[in-house]
């Protein structure tokens, strides 16, 4: 009977491939907020990438004759405390801020997710050890931890990124652990056991792909936090070091010239705000788009 | 081991221990207790009972998705708890499981092809091309298109997903298929399609089916034998027609009597059982059913009835079974006019013809 | 934003008005002082508090002349080994203990012998001290020390109540008892230090405030904002870049005094492996760097012209300044020529460490830009100050941007940096000729001899340049215009005698 | 049928997702007479629950949107009541019971309070009186130790007890119409029997009319005076229970009944309805059952009008009455 | 409940030990010789040696750790290397300041966040929801310290409404105390209000979709009753948890705010201590914050149990 059904089945038409992300992408594209967020992020990324080819003065080019000059045709965003073009420094600073955001989150994800998956998968004492470790890290205030680490490693952008990455790691351990545990209770994991799927394959094919969406959302939102954290560290003098610009270090300087040169504080603050807003909007949009409950 | 028995349990029990409080002992639920069961090669055995009776746990213990806390499961004479390595892998190949919820039991991140091909891959059966061919064959067999292999589970309806689950279970060439409420999440019309497929496949592959269900109509339709469970224990085990016609355990009688029948003015469902299921962490002493049993006597509260004569065709665990005359379900006749009967026949014929003309009983969505 | 503003407005109107009281003086400090024990403390702001809290044996004038304070007169023996001081009668400590010769003896003993004393090196030359009578004290020195009197004008000369020091020991700083115009009331770390007028002060008539409250506010902008809003009456270390706007503000008075200290680039010439660099090994390279820098431009760009460009360890305003070596102009070509002469015609690259605070990094970025034009590529290595210091001590640096807060006596600005084995000679510069000149300057009580020695040493140092001096800080105070009588001193202290509100 | 006007008369009720092309509930018309039980039966997604929610004014808008129709109850159109009037109506004259007794009770309020608050709301009685009424209701739904259960939280009750509490709550103000949406689906079969029995008894006592939404033909057969069969948002067949069960006319009704495994013919292949229910976004034009109907013909491309095929029996099918011809 | 608390406290012990190791490790992590900083400008070698000895910096690290833990158990967190004040006294002095800041910020956050979240969830999809979300996201996206600077510039410098910085103890002059703390509390509270609003919104959205809210409406309850008695009451469970945890974050988040507004609290204490290499203070403060955070966590769980009848009995 079934053979017969198979035998006379109509020649199947090749269906166009539709990856799972498609639906999420479509939903994302329908959300104006997420689109705006994506646009903001893209704008800053493009600007940062194009920095070397844009017709702007070098970020370290000084003009002793134009110290702390208000925005003008020559210097659209004004000049800074030693006569550098603020627009140029903003554009080059975008590199530092975005890099700091992305790299530190990559560090946090690469360290945190395996640990979290391990804890959630292995349970028992492995979980206990990792969980206590995570709790202890979480209980140490983020900024203090980052300050201490940045101070330990020496003030530089790279070290700030490491410090922020390490500080953000527990978020991902927790999330990955919780998500892993929740995935493991899913029927399809039991189904994998029934079929005889091994541990590694289970983690690789079942756990990781299924915890990916919440991790992605969290990563996007953490990039936003990390950018602020980098700015905070730079603001305390522990991030990007001069003469290389970053928005946080520009603010660090600018706070000394609030009255004489408010534009020096205005632009970097605005830029941080906008790019962080962009990531937050994007993260929110992603969360909504990837939420399976809301189809 | 008895000839013809493929799966057998002896004194099987499975307990779940809750988190231990700081003071006092942890709560323990005996989800399955003292189950002795033989499953015969080629039969369809149904395990029936209400929620919390332990039937799903029993199903999982049977295929080693859960380890028993006491007792043994023998598959073809071998204790499955003692299997390792190649033997365990072959057990996994031969004992397969179908899940209740077709929405949550398929990994949403894998294509249908990958899902169905996974058991083959895991067990190293065939190369990639052979696996692809096998997946295509399985898909058509459960009434889906070969092109569906590239799609993801969420693109399918519930019935279609259950077919995917069945194809996946069949991929490794199992001998025993355990279905945990395989059709209860489906609408009636879709349920019928899946029931038909399961029956066809069973016949074609010579499978042994163990179906967990609470829907007595489906069980009546599919099963050869039925085991009725109450609070973790099998209280009655009998061939299906015998069980429905002549239940010998009061609980079975109550279950059957509770079924609302689709007949207007027919028998009204009875309310033979008062009260709720007792707290499973503190089950009644003696016969676990005695607190709700309309026929209970003093002895029932003290003495645990044994499932008498494990080799008989109709087994029952009740002290009073011989004294009671219990009511079963007699034939159910819908009072339809001849025109109506003819209409039903016409429908049957037209539906069959239509299935034949398209080559498919089921057309895919959209 | 609008909602926030309305919200703030509503609350602001609902709450009380300013709370400052008439005779309370509120002074904004840049830092929170460390422990308030003159024998143990080490911060500049601590000294500002002591100026009101603890009297010294002697004081200075704005022109750096030594004048009496608790000592009314002093006399050197001819060999310069004995110093006899006459003490003020009728002065007493805040706890009522009388000030007398015995107290001086006890104080010198504490400075020399308290384990944690940070004053030991300052009073090292004193071999013994004795009370000749109640109000006469005699110091006997192991060797002549021209700097001693100047030390008595600072923390080494501060007199603490012997009873309090005996009782509190090392913890004296938690509740300091001195003899200054104000006595200690309370301290909340990082928040405020409250002093109250000492009724029995010997010069109480010159004191016009009931209370002085020191409030550490590190952010210069915030400090200024507090002054403008009336929450402060005065502040120290106004940012140079705020001078223009503060001066333009009718409600504010700005006062300035060039400091005693300097800022420069210390080059590692012999301190371990770090010295192995072109700039460490070649004085030509150091000279080239010095020539590449336009000190006037630095002063204009970074400090809006408020500071003093510098090229030696004494500021131009100092009597010890060597006018033969005026601050030279920038000469990029000469710098390049020197580099070529030193064997680096294609330029060199130098790592210079700098404390990661905004002003110093800004300074170094300007230096970096200037040096770059002379083919000297500077890599700025920003470090936290604590790290910078330990790396500098350990010789783990090539060059280091660091300064010195300055001392009243010229010796303090040069001897320990430039002599072989000098306490803070982190460049490990060593030149016997310089050693001899500076030793001579420190032991002679003859001002002419001293000046001559310093001038000679300067001539050598101008060639060898272990430290490339850049500028001298100007202390800038901003005061509410109701303040009157404030006198700026080059030591940056705030002396409240004669200062008052003008209502 | 009697000659009195129906207690509740629904005409042309339509619901759709905002912005969607077609209605999820399409032109549904129903009549409910005083004291009778009307069962609305259909498979998941057929719109039976939405119909009930629309009548109660409980559609979550957005995303759902009432597209039209009226529901006359005692001279008032329920669908156009002002919010205030609707609130006065709900729980008083028209009450509702939901499917999930687990989630339909507020987990943080005691059972007694949940019943009493609706009494206070609609009868304006004192707290003590409302509590007394709550106790009375718990006793009427035969909850053992009702006095103690007044102060229980929902999680402390079993599923069956919770559904009894829901019923007590719904009937607390003696409504004229009770709408029950799959009230026993989440329950075990023995408990279902208890609840159905209880409902039958209470309806007889109070004389309330019941709209029972279910997918279970067995429950329908037990409870219904009249039956409406829904498919894909439309009513395809409506009539007296006996007519529907014994003389079904719509191919869908026939298919649905055929697909049920019966207790007679063990092992035989089941008759099925081919294909699947159309999704909300892909409703076929014309007869919505046409793509799955074995009797489909060209005329099915147009929306079929409801035809009377008996005294109280209407079918929306162009082939009706379905005879052996054609 | 007691058993629950007991178990949670037991679990907290290893975590606290780990924190103490982290905290102690900080000392070894921080580069730069504290003694050099302590010794003053002259850096007298003799004095340096003496200080090393005095603060046991020459001992092996495990010995130092053991001594430190030994003292802590006796309630002695050591002495500030900078001002010689006992760390416990410093903490006792600073804690009320930061707690006042945090409480005020929390009140601002609650007053703004919860109503906004409720309204936004109730009006989901409308312009009110949209505006609330945009404002909340902006609140999350604006760097705290920048907002602080801008507010000082605007409110204090330009408008002169509020003091730019400083701190007046509540006991001394309540009005002035609140006035000085208002701006920092607001700056600190913005991000928190945003977080709270988003949590409230999502909790309310979940609850508003729940069957029992539908039941309440079906009973004819008024929208106000539905919103507050049925929805918010249940949504409060996660909100209270979040709030308790946020309070922990607040303590930590005060770091930059205190820095900018020169508020002599925990955050400023610890940052200054890090930069001054005042180990004893860093260790003491971070340990206290960590322990407080853990107990806040426990408190959050306990509150959740109290609020949620399902979790109340054990």
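As written, the chains take the letters A, B, C, D and E, and residue 1 is the first residue of each chain.
Methods note: contacts are C-beta pairs under 8 Å (C-beta built on N, C-alpha and C of every residue); 3 or more make two chains touch, one makes a residue touch a chain.
The model shown is predicted, which means the values in this text are computed figures rather than measured ones.
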Shortest contact path, subunit D to subunit E, counted in steps: 1
Comparison of A-E and C-E by number of C-beta pairs in contact, larger one: C-E
From subunit B, the most remote chain by mean C-alpha position: C
Centroid spacing, where centroids are CA-atom means, of subunit B and subunit C in whole angstrom: 89
Chain centre separation in whole Å, for subunit D relative to subunit A (CA means): 50
Separation of mean Cα positions, subunit D and subunit B [Å, integer]: 30
Shared interface positions of subunit A, touching two or more other chains: 151, 154, 255, 258-259
Subunit E: positions in contact with at least two other chains: 30-31, 149, 152, 157, 275
Touching residues on subunit C, where the partner in the complex is subunit A: 219-221, 224, 239, 241-242, 244-245, 297, 300-302, 356-359, 361-362, 364-366, 368-369, 380-384, 387
Contact set on subunit E toward subunit C in their complex: 30-34, 36-47, 50-51, 54, 80, 82-85, 90, 93-94, 97, 149, 152, 154-157, 160-168, 173, 175-176, 178-179, 182-183, 186, 260-262, 264, 268-269, 272, 275-277
Interface residues, subunit A side, partner subunit E - complex: 33, 132-133, 135-144, 147-149, 151-152, 154, 224, 228, 231-232, 235-236, 251, 255, 258-259, 262, 265, 268-269, 272-274, 276-277, 280-281, 284
Subunit E to subunit A touching residues, read off their complex: 11, 14-16, 18-19, 22-23, 26, 29-31, 133-134, 137-138, 140-146, 149-150, 152-153, 157, 251-253, 255-256, 259, 270-271, 274-275, 282, 286, 289-291, 293-294, 297
Residue ranges of subunit E touching subunit D (in the complex, touch as defined): 124-125, 209-212, 214-223, 225, 229-230, 233-234, 237, 307-310
